[in-house]
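Comments concern the structure below.
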Amino acid sequence: MRIAKVIGTTISTIKDEKLVGRKLLILRPADEKGKVYGKPYVAVDTLDAGIGDLVLTAHGSGGRQTDITQNSPVDAVIMAVIDHTVADGQVAYQKG
Amino acid sequence: MRIAKVIGTTISTIKDEKLVGRKLLILRPADEKGKVYGKPYVAVDTLDAGIGDLVLTAHGSGGRQTDITQNSPVDAVIMAVIDHTVADGQVAYQKG
Amino acid sequence: MRIAKVIGTTISTIKDEKLVGRKLLILRPADEKGKVYGKPYVAVDTLDAGIGDLVLTAHGSGGRQTDITQNSPVDAVIMAVIDHTVADGQVAYQKG
Amino acid sequence: MRIAKVIGTTISTIKDEKLVGRKLLILRPADEKGKVYGKPYVAVDTLDAGIGDLVLTAHGSGGRQTDITQNSPVDAVIMAVIDHTVADGQVAYQKG
Amino acid sequence: MRIAKVIGTTISTIKDEKLVGRKLLILRPADEKGKVYGKPYVAVDTLDAGIGDLVLTAHGSGGRQTDITQNSPVDAVIMAVIDHTVADGQVAYQKG
């Protein structure tokens, strides 16, 4: 899974019918401290994540192992909202 | 999913029989503002996307979760045409 | 799918039994103009592609959605030979 | 599989129900000597790996071929804890 | 598939039970001439490949399409040992 930060949303009128009603959030990869890096990507939100949240995303067929995403043309899902991370023996990120 | 911009098309006479009649578009990855970066790739279009459109593409087996692409030797599909994106609290891209 | 140029072949005596008789070509990724970049990779050829051809390759489980590659330990297949590409409104590549 | 070093943990209250009780560890890719490089990622631990352990992780659908991870929205699992590695004819890493 | 050179082995006492008896080799990616580049990764060996061999590895679910790797938490398998490669019209690599 990737650690990522939610930075925005995408709105689409024209889309595959299985995506109607789905929330497609824009994320940027982040390290264990919540510091973002690299290019944005999009994942389906099934947990009502908010802008600024640090989350975990599962990719590939793993992104379709939820009731909401199964059999849909998607390849990434937010499957956890991170409360905090611990690295090198101390708290590296704490949700605000 | 990747955010990408449609930049062109590919034409092939010799191809797997399951691809006959399929529209194979050339895309370049883009950020949330629609700014392209990196190398081009190709995805099946099932939504009649146009040149210049900002779209989302699903990859891997996710690219075959549509009626048009199932069981075909493809690994990417356009599953949404983006109307607009919102990032950092403001509109980052608006379809022209 | 990736755009790629066929640059060579690999010959193996010791291989998985499902690969006996399969043609394994060496490719390099290419852009929409056919200009190569990056490191080589190998894909199964099901279309009798020739050295120098610009082709499309499907990866992952998509590489096994052909009669020839199904259930084999492979992760990439050539599923189209490109005649020409169009980008930014003009022909970017034309097969020689 | 990737060679990786366990550097920490993530704690989440809000997560997919199939992840309740799962240990999600933070890892960094490592070479055969155990030297880390690149950005962190997260994998499910099924082997009670400890902080500092050098492990192997399987990705994609391979990450769900265990009793603990099957049918869950995950894409990476720790499937081996490395005792030692041998490279270029000599021991390159030895667990402390 | 990736072209790769076998550089070593990993030994693990603690591992998923489906991996008992499996040989897990360390490889580095290589080009068509056998010249290595980039970071090492690990694949299951089903062909009794030796240190220094140039091989092909199949990734993702393709890595589980052998009798030895099916249903196991692995994502890469050696499916061919290369005798020689031909690129740009001449032999680029010849097994020693």
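Labels A, B, C, D and E are assigned to the chains in the order they are written; within every chain, residues are numbered from 1.
Rule of thumb we're sticking to: a contact is a pair of C-beta atoms (placed from the backbone, for glycine too) under 8 Å apart; a residue touches a chain by one contact, two chains touch by 3 or more.
None of these values were measured; they are calculated from a predicted model.
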Chains in simultaneous contact with subunit B and subunit D: A
Geometric centre distance via CA averages, subunit B-subunit A, whole Å: 20
Centroid distance [mean C-alpha coordinates] between subunit E and subunit A, Å: 32
In subunit C, residues with contacts to at least two other chains: 60-61, 63-64
Contact graph of the chains (line, ring, star, complete, other): ring
Going from subunit A towards subunit B, every chain in order around the ring: A, B, C, E, D
Interface residues, subunit A side, partner subunit B - complex: 7-16, 18-19, 24, 26, 39-43, 51, 60-61, 63-64, 71-76
Touching residues on subunit E, where the partner in the complex is subunit C: 1-3, 29, 31-32, 37-38, 46-49, 56, 58-66, 69, 77, 79-89, 92
